[in-house]
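Next come two complexes, and both contain chain A; in the first it sits with chain B, in the second with chain C.
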Partner chain A sequence: MILLRIIIDALFLIGGFFALAGVVGVIRMPDSYCRMQASTNTATLGALGILAGTSLYGFFVLNSLAIGVKSIVIGLFILFSNPVASHAIARAAKRCGVYMLNKSGCDQYGRDNPQ
Partner chain B sequence: MSGQRTLGFVSTFILCFITWIAFTLAFTVQEILGGLIVSFLVSLISSRFLIHEDPLYLFNPSRLLGALAYIPLFIRELVKANIDVAKRSLNPKLPINPGIVKVPTELKSEYGLAMLCNSITLTPGTISMDIVEEGGKNQIYIHWIDVQSKNPKEAGDMIKGSLESGVRRIWK
Partner chain C sequence: MTGFNVELTITAAFYGLLCIALLYRVIKGPHAVDRVIAGDSIDSMTVVIMALFGALSNRAVYFDMALIVSLLGFISTVVISRYLEGRS
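Moving on, here comes the complex of A and B:
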């Protein structure tokens, strides 16, 4: 039982760490696209780590099937809906001409779709 | 309604109902009845948007095995990319080199392209922005936080890595 608690707490810790890294990235990154890259951190390993922890906690500590299954379903929803949203935001931002830091000098979307 | 459309409707209905059951997990008469009505209405409206091809395409042993094998592959890539971006954003020097690259892919079917693009976006460090068809091949525009190669082929190998071969085992 103590081993299970250690695993659950480790999952929470991993989730919290990546969420923190994502937030720091959102504040520090220079343009909107790079900010979105950092915020994917929070959405994937941050949320998924915490949800994996809650589902284990629900199944084995609270002995409640409902909490465990719901955590898994919420995780699946995040996995399906988050990439679609960030794809749409990135494409719309680029088409509207939102500023992009072009450090590498490699903007093949702008080259092929001049405004 | 043709046979294909009916089969699409039924499979969407079953998917909706399973989701409802997983979310409520209360096996009383009113919950089940409400779930049946809601999933009927939802699949009536949305089944023709969800299913364009053969609804039973995935139910084939080799494709199901491919889908199962994709899960550990994807989790490995996810953890690797997350650690990489977390290191970049916590590093005081902020070592980034952003740009947009255009990458060719061998995939043809809608579901395969959607799955590959979603996987690329979910791994931090890369966001798929658009898909165009050029010369019989689909090309994906990808915003990459650390451009290591401007050559489409090399960049494609670095970004997609083993993801594309994993997706190709499931979809065309």
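Moving on, here comes the complex of A and C:
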């Protein structure tokens, strides 16, 4: 039982650490596109780490199948929906003409289809 | 295993603080895109807080709400990006 607690705490720590890293990235990054990259980090690793922890918690500690399976379903949904949303917002930002710091430099989308 | 609620509440409170920290980018964000990004991150944080609270109070209904909030967050991001694309 102690081992289970250690595993769940480790998952919470991992999720919390990546969420913190993502939020600091969203606040501190110089450029809109870098902030986008940091925000996906929050949603994917931050949420998946904690949801894995709650699913383990639901399966073993609470012995309730509903909580475990539902948190796995939410994790899968976030895993599939987050890349699509980030791609949509990134392309909209590029088409909308959002300022891009020239230091980030690799503007492949602009090279492929010039405005 | 009664002492287990401590981790859940601490993690939920930590995510709540992160949500408040994200509000800075929502307010300051120079372009609408930054606000959408911060809003999307706040949505996924709310999903995590709901999941933690559902596990804390042993009620599976919070996980359904978390799924709905995550769905709405995803749809709102896609729809706003469609709007921004049209208004280039």
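Definition applied: the second predicted complex is superposed on the first by the 113 of 115 C-alpha atoms of A that agree within 3 Å, B and C clash if a C-alpha of one lies under 4 Å from a C-alpha of the other, contacts with A are read in each partner's own complex, and residues count from 1 in each chain.
Note that a contact is a pair of C-beta atoms (placed from the backbone, for glycine too) under 8 Å apart; a residue touches a chain by one contact, two chains touch by 3 or more.
Computed from a predicted structure; not experimentally measured.
Asks: Identify the partner contact of A:1: answer first if only chain B is touched, second if only chain C is, both if each is, neither if none is.
Replies: The answer is second: A:1 touches chain C but not chain B.
Asks: Of the partners chain B and chain C, which touch A:9 in the superposed model: first, second, both, neither?
Replies: second
Asks: Taking the superposition as given, does A:98 touch the first partner, chain B, the second, chain C, both, or neither?
Replies: So A:98 only meets chain C here.
Asks: For A:51, using the defined touch cut-off, is the partner it touches chain B, chain C, both, or neither? Pick first, second, both or neither.
Replies: In the superposition, A:51 contacts chain C only.
Asks: Is A:71 touching the first partner chain B, the second partner chain C, both, or neither of them?
Replies: second
Asks: Does the superposition put A:83 against chain B (first), chain C (second), both, or neither?
Replies: First partner only, chain B.
Asks: Show me the chain A residues, by the header's touch rule, that chain B contacts in one structure and chain C contacts in the other.
Replies: 22, 36, 66, 70, 73, 82, 84, 91
Asks: For the complex, give me every residue of chain C touching chain A.
Replies: 1, 4, 7-8, 11, 14-15, 18, 21-22, 24-25, 30-31, 33-34, 36-38, 40-41, 44-45, 47-48, 51-52, 54-55, 58, 60, 63-64, 66-67, 70-71, 73-74, 77-78, 80-82, 84-85, 87-88
Asks: Touching residues of chain A toward chain C in the complex: what are they?
Replies: Interface residues on chain A, with respect to chain C: 1, 5, 8-9, 12, 15-16, 19-20, 22-23, 26-27, 32, 35-36, 39, 42-43, 46-47, 50-51, 54, 57-58, 61-62, 64, 66-67, 70-71, 73-74, 77-78, 81-82, 84-85, 88-89, 91-93, 95-99.
Asks: Enumerate the contact residues on chain B facing chain A in the complex.
Replies: 19, 22-23, 25-26, 78-79, 82, 85-86, 88-90, 94, 96-102, 117-119, 121-130, 132, 141, 143, 145, 147, 150
Asks: Which positions of chain A touch chain B when the two form their complex?
Replies: Chain A residues touching chain B: 17-18, 21-22, 24-25, 28-31, 33-34, 36-38, 40-41, 44-45, 65-66, 69-70, 72-73, 79-80, 82-84, 86-87, 90-91, 94, 100-110, 112.
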